[in-house]
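Labels A, B, C, D and E are assigned to the chains in the order they are written; within every chain, residues are numbered from 1.
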Amino acid sequence: MITEKMRPRRKFAAGAPPGTLHVDPNAPRPLVSILAYGPGDIEESRPESLDEIRDALSRFQVTWVNVDGLGDLETLTRIQDIFGLHRLALEDVVNVHQRPKAELYEDHLFVVARMPRLGAELATEQFSLFLGKGYVLTFQETPGDCLDSVRERIRNERPRIRAGGPDYLAYAILDAVIDAYFPLLEGIGDRLEGLESEILRRPHSSQVPILHDLKRDLMNLRRYVWPLREVLAGFVREESPLITEATKLYLRDCYDHTIQIMDLLESYRDVASGLMDLYLSSISNRMNEVMKVLTIIATIFIPLGFIAGLYGMNFNPEISRWNMP
Amino acid sequence: MITEKMRPRRKFAAGAPPGTLHVDPNAPRPLVSILAYGPGDIEESRPESLDEIRDALSRFQVTWVNVDGLGDLETLTRIQDIFGLHRLALEDVVNVHQRPKAELYEDHLFVVARMPRLGAELATEQFSLFLGKGYVLTFQETPGDCLDSVRERIRNERPRIRAGGPDYLAYAILDAVIDAYFPLLEGIGDRLEGLESEILRRPHSSQVPILHDLKRDLMNLRRYVWPLREVLAGFVREESPLITEATKLYLRDCYDHTIQIMDLLESYRDVASGLMDLYLSSISNRMNEVMKVLTIIATIFIPLGFIAGLYGMNFNPEISRWNMP
Amino acid sequence: MITEKMRPRRKFAAGAPPGTLHVDPNAPRPLVSILAYGPGDIEESRPESLDEIRDALSRFQVTWVNVDGLGDLETLTRIQDIFGLHRLALEDVVNVHQRPKAELYEDHLFVVARMPRLGAELATEQFSLFLGKGYVLTFQETPGDCLDSVRERIRNERPRIRAGGPDYLAYAILDAVIDAYFPLLEGIGDRLEGLESEILRRPHSSQVPILHDLKRDLMNLRRYVWPLREVLAGFVREESPLITEATKLYLRDCYDHTIQIMDLLESYRDVASGLMDLYLSSISNRMNEVMKVLTIIATIFIPLGFIAGLYGMNFNPEISRWNMP
Amino acid sequence: MITEKMRPRRKFAAGAPPGTLHVDPNAPRPLVSILAYGPGDIEESRPESLDEIRDALSRFQVTWVNVDGLGDLETLTRIQDIFGLHRLALEDVVNVHQRPKAELYEDHLFVVARMPRLGAELATEQFSLFLGKGYVLTFQETPGDCLDSVRERIRNERPRIRAGGPDYLAYAILDAVIDAYFPLLEGIGDRLEGLESEILRRPHSSQVPILHDLKRDLMNLRRYVWPLREVLAGFVREESPLITEATKLYLRDCYDHTIQIMDLLESYRDVASGLMDLYLSSISNRMNEVMKVLTIIATIFIPLGFIAGLYGMNFNPEISRWNMP
Amino acid sequence: MITEKMRPRRKFAAGAPPGTLHVDPNAPRPLVSILAYGPGDIEESRPESLDEIRDALSRFQVTWVNVDGLGDLETLTRIQDIFGLHRLALEDVVNVHQRPKAELYEDHLFVVARMPRLGAELATEQFSLFLGKGYVLTFQETPGDCLDSVRERIRNERPRIRAGGPDYLAYAILDAVIDAYFPLLEGIGDRLEGLESEILRRPHSSQVPILHDLKRDLMNLRRYVWPLREVLAGFVREESPLITEATKLYLRDCYDHTIQIMDLLESYRDVASGLMDLYLSSISNRMNEVMKVLTIIATIFIPLGFIAGLYGMNFNPEISRWNMP
């Protein structure tokens, strides 16, 4: 089962001024990594000082700064200063139960999404991405992600990503996040098909809570992917200088994938409802069978028992016609 | 359970001319308080005479007049005169079963919303807000509200709110009202999860009315929040000089929160429907179990009883073959 | 129960040329009344000759002609001539099972609505209104209506209505018609709450037809009010010289009321569906209880009866081991 | 029950080039009739040669050519030539399971609709109409239709239709076709109400297939009328010189009728669903009653039977305490 | 049952860079065939070298290149080079679980659809089509398709297709693909009607899984056809020089067919839901019948058995009044 609770968002911030950063003290401390590149050169580092970010920004065509962990206010505010992020956006980064959305600020685009957690079965974490001039800045709740394929492509000097601007990098990252949903869907599809063949073969009351769990997983996935669809549709329409026309073609492809996920989720939902019907009707059937057995037994033996009882009467006709001993 | 009845609105006004003020004589008498401030100065008072309002309006950049209680016609009409409110708007303030809505009059914006009542579990009251040049005017049904965090921020000279205009104050107030829904949602979420684990563990007929209540609460919350969403969407689109572009960014954030609430409510609704299915299927199952026990007992012992009966027959072969004593 | 049948409209007109007036001979004969006024003067009369209408039109700023009863073709066609009404509109007036709608003809606006019948519990009648230059013309099926409050306001020289043009009068009339739905809603709300507490306390099969009736009433009310909403939305958007901007503000308020009614109807519908679920689940529960009692009794006494039967056997070991008497 | 099967359309044409005319050899042979008129003159004929059509077209203001039966390819292609019809349109005429639709070709408008078959209870046939300069051309599957009222109006020199152009004639024909649905609706309404009172009085398993049939009839009617609504909405919006503004007012009225039919169908559907609920709940109730009787009987007599059995034991205390004979 | 699994799309490509061609090594090797023609000449060939494609493109007005099988990367990339296809498009061709869609690239239109597989009962395969200047390029998963009727028409020198450009050919191919759905629909319709008459005659638990399968088939068909509808609607609106106005008329017709299929699927779905209700209600009925028999038997014979037991008591009044032997 998807482990997140359906909890409302603002754990700390209820009643707080907007733009306040309430850092969860139990969250992992931020781990910053830089991956900067141009068509010809590349540099990867875990900076000791955040000033190295400024340095990379000035020297490379594209700088990707990734932050794993949101547990330290100071680091976050310093990054905010370096990139000139809007307070509301940083608030959304830190409050980790955001609805996926995109926001266009003056000089950067901001996207919040949920990213399936690597390895874990159905867990997700909040993923935030800023796209600005010459940089992509990403925040994750915990270390470890589904973006290694993107990093590999950069390291291996794949021409399209190395020659592309930060908008192409942002697309490649979002595409990898969306692709990470497919294994989850495959898992749910397998569970559904297993459950279906089981219910068809031998319906049992233990299958109902499993179906209930499956439905909730579908519902949660839907909640994560549905707004992503709007986010990407917004990107394709957006007239921002941050996104080139060439990248929009790729974003459209990415958008098609979210539609495909939604289609699958819709189908799964229909199948899950059908399974419930299947289960209930087979329960009714079995009840019918049980009742028929009972009725046949009772119809045969209760009258026979009565006849046997008749012959067992100590009817003494000598005393009176309707005597009772 | 949410205590408001699902009653139609115009208790007094059916057939009355529009714009008529029918004051509920049992409502609390109005308590007026003023909180006026600019970037550098601040003044808080409970005015003895309503003329102090005029005075504050002229001296401060932003004046927030709050009225608790709607039980006195004269006070209300005098406030109407001071701020030049439209009759229809004031009628909506007094008739406290309005659907949340926003209305743009010539020189003020008018918003009606439902505000969760402080402390009470799921009770709400009507909250009306007027935004005009240099002032925010709010009306509540009873004293006590969820806006103390806003007041604190003003008093503590938080720069953003002190430097912002009345539109920023209006945003901050609306944001606080919407934030006040999150604890309610959390409460319902907890009740739902509790009920779910209980139904999974041990379904009982007493859970059905609880589920029924939960569904009604969800329905009522939906009725309160859904129109709020439209209200805020309208604000973001509005081309009024009363709302600056900078504040619109904040209002958009606020709008996102209402969408998030709607998402959660939708999810809760799905879960509640699933719980009903879960309950019914477990009831069917239990019935099946009971019937199986009955059938097994009957199938074994009714035939056995018949055989015992057979041996108990006083069959006297001497009289006749099929005699009956 | 709402008494109108769900009958298709064109009782007489199927296959007839459009614009044909088929007057129901059993309908009450038309009773014409005139209420003409300006800011300073007012005249009320039941004209003996229809020419008095022309006279009033020429002398007063606003003339309200009300026709109760649609049973006389001649009167109707004469009124048609006086006001220059479109044939299709008059056909709609006479065929009294119209769907509420608004139509903009060259020099008049035409509205059909259903008006709750005064006093009767849930009965409605067709109400038609023409708004033209200097006049409002209304048609009702039977005498007696919910518009007396409007008449009183005119007679009592309430400034807003006396100074307003015919568009304000039309608004006031429509507002009164919509307000007349609120008592109906209140009645249904009371019946729903009564039924709810009864079903929670003691479910009984006699409650199902009552719920069925309630659902039909809700469905009918929905059919009457839903198109009214569109009608009013159309008015607010309409760029007709017949409706001033000032009146549009009032019409918007009126439109909000129809939305509020629809909201309530939707809520009631949800509650009614919930009640059916509640009823069915309690029936299932009771069945379960009954079956449990049966099973307990049978499980205890059928085996006991068998044992008693065993001891009642006339087993004669002297004859043979498994003898049977 | 509506007799048409829910069959896919292209019986013959699957895989055939578009615009191919596959004439059903079993269809009735075409019967052509001409009704040509102007404000002053009229001519009705069953032409021996199709050239008479050309003649009528040249001499009269409006020529209505009606073709009953689609069973002869040659006649149809000659008519196609005379009027210059598009191949795709004629294909749609011949393949008689079209979805109702309207198509605007260069110099003619083409409408396909389903027309209730005269006399038959719920049967419909395909009805095609071409509107061009000076003519209306209609195709029906079989002779006999609901258009005699239109013909009568033309013959009786009703001024509106005689003075109107072919667009008014087309409107009058479509209006008659739509009006022909009202008796069908009335029939279904009567069946629904009969079934309702029967189910309320005495639910029986034979009512379920009747309800099932009713639901399918409603579904089919919906399939026929829903697209008609779009067709008429399209006409009202259409900027074609073939339709005058005056006729559009009438088409709008016609459009309102289709909305009214849809409203009724929707209501009927709701009622039908409610009836199923009613039936199922009364079945549950009856089961409950039966079970209660069984349980009461069993609870009283099984223990009593056990006691009687006790006294029937041949307990012989002389042999042993727990002897068994 | 439709054999495709509801599997997510990117089997190989999860995490791969976009535009990567992952060729399934088990897929059939590509078989290329050329059908080139103009109004007067035609040439059909299975080219040994792909250079023949370039040759045909230069010599003929329309060249249709069809590729059966996607199992060889080299062939596919060479074809990509010849036609200058976009990488993303070719990726979609190779990953064969695409959602049907259309994409407009700079100098070619790209369509993905699902094509019913010839002969097989409900199997489909992915079908991709490129429309460019002077050519139509199609890809299929396996040899054998429903396009022979199109080929025949070209060979038989049917003037419309021979004189038409590549856009008409593309239309003819899409039309044939959509037409191939009608037999599938007919098959499902027959199964539904068979199941319906069976359930009405003799409901049995074995019918539920059949109904479940039917519902899934309907759901899958819906998933294939619904996006096709959007694709065609997009074509009709498209302002591309690749599609002439004349062809758009035909595409509109094609679009109407997809709507008709959707209508039928919708109807089938309603019927399938109705069948489930029918089945469940007849199961309830039968249970009722069984219970009634049981209750009648029990009500008659249990009391009788008790009376017989009474007379069977060895009541010995000589010992004591309430003695027990």
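In the analysis below, a contact is a pair of C-beta atoms (placed from the backbone, for glycine too) under 8 Å apart; a residue touches a chain by one contact, two chains touch by 3 or more.
Just so we're clear, the structure is a prediction, and the values are computed from it rather than from any experiment.
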Open item on the list: Under the document's definition of touching, what chains do subunit A and subunit E have as common neighbours?
Closed with: none
- [ ] Using just the Cα atoms, superpose subunit A onto subunit D and tell me the rotation angle to the nearest 5°.
- [x] 145
Task: Centre distance in Å when subunit B and subunit E are each reduced to the mean of their C-alpha atoms - done: 46
Task: CA centroid of subunit D to CA centroid of subunit E, Å - done: 28
Open item on the list: Where in subunit D do residues touch at least two different other chains?
Closed with: 284, 287, 291, 294, 298, 302, 305, 309-310, 312-315
Task: Successive chains along the ring, subunit A then subunit E then the rest - done: A, E, D, C, B
Task: Partner subunit D, residues of subunit E touching it in the complex - done: 146, 148-149, 153, 158, 160-161, 172, 175-176, 179-180, 182-183, 185-186, 189, 193, 200, 249-250, 252-253, 256-257, 259-261, 263-264, 267-268, 270-271, 274, 277-278, 281-282, 284-285, 287-288, 291-292, 294-295, 298-299, 302-303, 305-306, 309-310, 312-315, 324-325
Open item on the list: Taking the touch rule as given, give the residues of subunit B at its contact with subunit C in the complex, in rising order.
Closed with: 5-10, 13-19, 86, 88, 98-99, 101, 103, 105, 205, 208-209, 212, 215-216, 219-220, 223, 276, 279-280, 283-284, 286-287, 290-291, 293-294, 297-298, 301-302, 304-305, 308-317
